[in-house]
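Please find one structure pasted underneath; my questions will follow.
Letters A, B, C and D mark the chains in the order given here, with residues in each chain numbered from 1 onward.
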Amino acid sequence: MPKKIKFSAIAVVFGSCADRYVLEGYSPKKSFDEMMEAAKKVPSLEGIELVGGWHLTAKNAKEIVKKVEDYGLCVSAIIPELWSSAKWGQGSFTSRDKKIRQDAIDEVKRAMDLAKETGCGIVVPWFGQDGYDYSFQSDYIQAWDFMVEGLFECANHLPDVKIAVEYKIKEPRTHCFIGTIGKAILLIKEVGKDNVGITLDIGHALEGYENMAESVALAKRFGNKLFHLHLNDNYRLWDDDMIPASVHTIEMIELLFWLNKTGYDGWYSLDIFPYREDGKKAAIEGIEWIKGLSDLIDKMGEKEIERIIKQGDATQASALLRKFLLS
Amino acid sequence: MPKKIKFSAIAVVFGSCADRYVLEGYSPKKSFDEMMEAAKKVPSLEGIELVGGWHLTAKNAKEIVKKVEDYGLCVSAIIPELWSSAKWGQGSFTSRDKKIRQDAIDEVKRAMDLAKETGCGIVVPWFGQDGYDYSFQSDYIQAWDFMVEGLFECANHLPDVKIAVEYKIKEPRTHCFIGTIGKAILLIKEVGKDNVGITLDIGHALEGYENMAESVALAKRFGNKLFHLHLNDNYRLWDDDMIPASVHTIEMIELLFWLNKTGYDGWYSLDIFPYREDGKKAAIEGIEWIKGLSDLIDKMGEKEIERIIKQGDATQASALLRKFLLS
Amino acid sequence: MPKKIKFSAIAVVFGSCADRYVLEGYSPKKSFDEMMEAAKKVPSLEGIELVGGWHLTAKNAKEIVKKVEDYGLCVSAIIPELWSSAKWGQGSFTSRDKKIRQDAIDEVKRAMDLAKETGCGIVVPWFGQDGYDYSFQSDYIQAWDFMVEGLFECANHLPDVKIAVEYKIKEPRTHCFIGTIGKAILLIKEVGKDNVGITLDIGHALEGYENMAESVALAKRFGNKLFHLHLNDNYRLWDDDMIPASVHTIEMIELLFWLNKTGYDGWYSLDIFPYREDGKKAAIEGIEWIKGLSDLIDKMGEKEIERIIKQGDATQASALLRKFLLS
Amino acid sequence: MPKKIKFSAIAVVFGSCADRYVLEGYSPKKSFDEMMEAAKKVPSLEGIELVGGWHLTAKNAKEIVKKVEDYGLCVSAIIPELWSSAKWGQGSFTSRDKKIRQDAIDEVKRAMDLAKETGCGIVVPWFGQDGYDYSFQSDYIQAWDFMVEGLFECANHLPDVKIAVEYKIKEPRTHCFIGTIGKAILLIKEVGKDNVGITLDIGHALEGYENMAESVALAKRFGNKLFHLHLNDNYRLWDDDMIPASVHTIEMIELLFWLNKTGYDGWYSLDIFPYREDGKKAAIEGIEWIKGLSDLIDKMGEKEIERIIKQGDATQASALLRKFLLS
């Protein structure tokens, strides 16, 4: 029987996307209500992932939760704001400035409080500003020490709130410290807390030349640590944040299979930047692709797929995929 | 009504594939007859692309043609041997050594003679050794002069034999002179001969961050110059020479559509390196994928696809592809 | 005798750099005067490249020229604004909307007027929004037709003002039409006007897996068409817009050599995004690197370098570079 | 006082290099004596890294050691043959075939015996064939289990012989299991043996978008686990195996600094494929570059470099490098 997938989307999917050239955004700014209005119209969408400090604060948390519920949705996760203000430009958890490090830790704790308050129980910290751009600009060992210390402190803050660290190989820094699945696992293993795990972002994995299915398998093997999932797609060299499955059909199918196989039961959360598309339509496409490909896996049959994997014969795998995709 | 596709394969698809580590090859060496025996069993395969000097020579051309026909196939194209002997290590048409340059030109002419003799009427020169590895190693301007001169001389040798230049951005040199669709068009425009055009190799386009459909469109726009097509797939950073459509489903569909739209009527020729796979099975998979995706395009309908392209709306394109791939 | 290099910088080098995460910018906004004040303190900097419509308009052109001169600088080039407003999101010269296409053409013409008015005589159009993101989203042939028509019309507007088309393989679109040196040359050859040429941006060449020296050579070979140069550096996969020579020392030396060899006499214009650096200091570094590497070339000696290139022996090239860099 | 660097080279640097096109090799085959004769003439070269089974066996080990010594060299490391015969085509330690897995383990043990016998005390297993090419071809979790088990067994074989696992992201498989520094550390931490550590290959790190200095720092931080080093260079997308420092000057300097800083005291071993160059000359170039850049670091001064790193200011780092490289 097919698994029921819980779909979510980061709120900004329904906002106005900007890049470093069109800073005003490619479409008119949207209010929170306008974004929720659009989200509400996306079939199968259940959750909304919010940025702490942007979309909700300690003060308005109850009100926002109520509002989101009024739109027939729930808050699925809280993203700490560690990457969108100049303050974090030289790093958050790994800043040389002790004050900024503590502010960053406090920001995550606040997000954890919000996660508890809203009932979602999970925060998704992404350390995009923690890295370096040039040679001779970073003490890599100290940066890792800071990262571990910060996460440890956060993990202890609220042991029943999950911290799902999102890794990414580059951007906005040319090199981010927590860049690959291997490094992400190393980090959370050293922190060694039950409530600390990993967010896999498809596009981040792809731009690190990872096969997403393999990354899911490793997160499973090293402690069942896949806590959260961000859906999108790209052309493998950059985080293009496109509609999921718009480029990589086959690897997406393998990813979905391994998510099932490893018992992943978290959100499938859209993290796309539809710069020039209608956010609602892009979200619908993404969800429909994932649902369609999941149905395909059901049709192919878990047993048959397992048999194929056991063989390790690429032509058999090809034939199976082909028959079901093209029949 | 669906277009009838003419499938071909380079003979070595059915041989033993080697790489720089396993020089002996990943499977036992095969005789020409063994390769033809395997090719014969691939449904829809009509042509065999041969390497001049390897598989056939002036002396045995008639015999080889006969043999290929006995296996129910025909010779589809001749590949001049400009890349597999140490002799060409510092370049063929662009060698600093006049003697080697002339040898290379003569090699192409011999291939053209064979193309005439065998009736295929087309040669596929690939200038993989013509490039450079290090900085300060090449006089780029002189190299282009040599390339143009050589091609011009060949073009005049037999005006009724097509020369379909295959471009590639790297490997075996870290940089090849004729590396992109833009450079390939520049080259053949300067040569300015009716019988000189382009071979698009899917993997070569991908590793140059090209969208194959766009490259086909440009070859059309600049003089209807797509003469030949090599089918394979890869992970976009290297010429992995995998089974076509095993990685890139969507871009492959767009490629097939544009081949039709631009009236391409040449061969669809498999150029894969099934190092660890059975060559015959890999060839079958490749052909079945292409046929299946072509059928899909027919179902989607040329008119509807054209309407979508006119809109330029990614979500509409996504919906169309999704409906037909996942229904 | 060493060549005198004319250094310039895009004005925004001295402003506040933003990216898609930190839209407010990594440092406080700067006024035009503040930017000029910083630029003035950069030794050897002579020119300032301005964005038409942003930094100057028909109305204030005289005033701006005067102001720039008061800071001891001159206007080196005008960049038409074809990439920073939502209006161009679906393309400028290649927009499906005739009105937008004409607006874009008019924007370039206005920039040309400003180029004449300010005396710099050159505009640098970059068609970053002209491309596509997804499959089945673009009619590639029509796009090229539009591009050629638009450029042709502009070229005729003021034949004594140079149009130096800047190519780039991706960003902000996942695929830009005028993406490589090959395509850029194809474009300007078809337009066929004396005043239409090319801007080489180092980072754009690198992210297209080009060797900059080779691209300069090709621009020379196909009509002496290198009109302008943008200096920066990156890690080869993305347009990181870093300080020139901060990553690629050797290829930068080869580039500088070929600029001399081909008689390039245009500006050496800094196009960097010092997100987290002081713009003035970053500009100083960039210029000092280029000057230092140029001096190195002088020491190595043109004749000796030419001798090395003629040999094509990588170890000789290595030895020469090593001796002069490490002595 | 400058550190004394111990230089080594893989024997095949002095042999004939082949690739998948020129299988015969780009230069005539060389005998072992011819290779040693060439190696002997490389100033500062002290060690030779040999492939177990190729260059030496249990039978001829004493004789080979003697011969190498006669040429004024010593055996620096033994590379187990796990990647050059068709037998390993579907994996060595991770083969589905138990017999092959055991053979591979035995091969490493034999190499360890040779390492003991020759006195070098270190083996460098590279699991290039252990990975996958296509989707749905691999059980990633089982593969890691096999890898850990195999290494554990080998580690126990001879606890006083070091096992320095060499990671690589791709080639010959399109995806290798032990692909990044993060994964390599995860692996050796799980094996948990004092004699199991890591080989950093510069080119492998580069093609995984790693900064080598950072990778060295991480190997240090996670247990002082850098056991061996392979020197080469490339254009960041593929393992071009070029002369070290021929492309990346700045990152190479940072690497050398961090090797010192972390107290690395193993070999600096050339692993290049001089397809079209004279092996001896290429080795000389590589060693001279490393020595020259090391001297540069001494001149820059450890204290000053540490001060720069503490600042984290890219323009200061740039100025320091520039002054010493270009003075």
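Quick note on the criterion: contacts are C-beta pairs under 8 Å (C-beta built on N, C-alpha and C of every residue); 3 or more make two chains touch, one makes a residue touch a chain.
Just so it is clear, the model here is predicted, and its values are computed rather than measured.
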- Message: Measuring between Cα centroids, which chain is at the maximum distance from subunit B?
- Response: A
- Between A-D and C-D, more C-beta pairs in contact link A-D
- Message: Just the number, please: Cα centre separation of subunit A and subunit D in whole Å.
- Response: 35
- Note on the structure: For the pair subunit C and subunit D, the C-alpha centroid-to-centroid distance in angstrom is 39
- Enumerate the residues of subunit D that touch no fewer than two other chains. 90, 133-135, 170, 209, 235, 237, 243, 246-247, 250-251, 276, 313-314, 318
- Query: Within the complex, which stretch of subunit C touches subunit A?
  - Reply: 17-27, 83-86, 89-90, 128, 133-135, 170-172, 174, 234-235, 237-238, 240, 242-243, 246-247, 273, 275-276
- Note on the structure: Note: in the complex, subunit A contacts subunit B through residues 209, 235-237, 243, 245-251, 276-278, 281-282, 284-285, 288-289, 292-293, 295-296, 313-315, 318-319, 322, 325-326
- Contact set on subunit D toward subunit A in their complex: 90, 96, 132-141, 144, 169-170, 175, 179-186, 189, 208-209, 211, 213-214, 217-218, 220-222, 250-251, 253-254, 257-258, 305, 308-310, 312-314, 317-318, 320-321
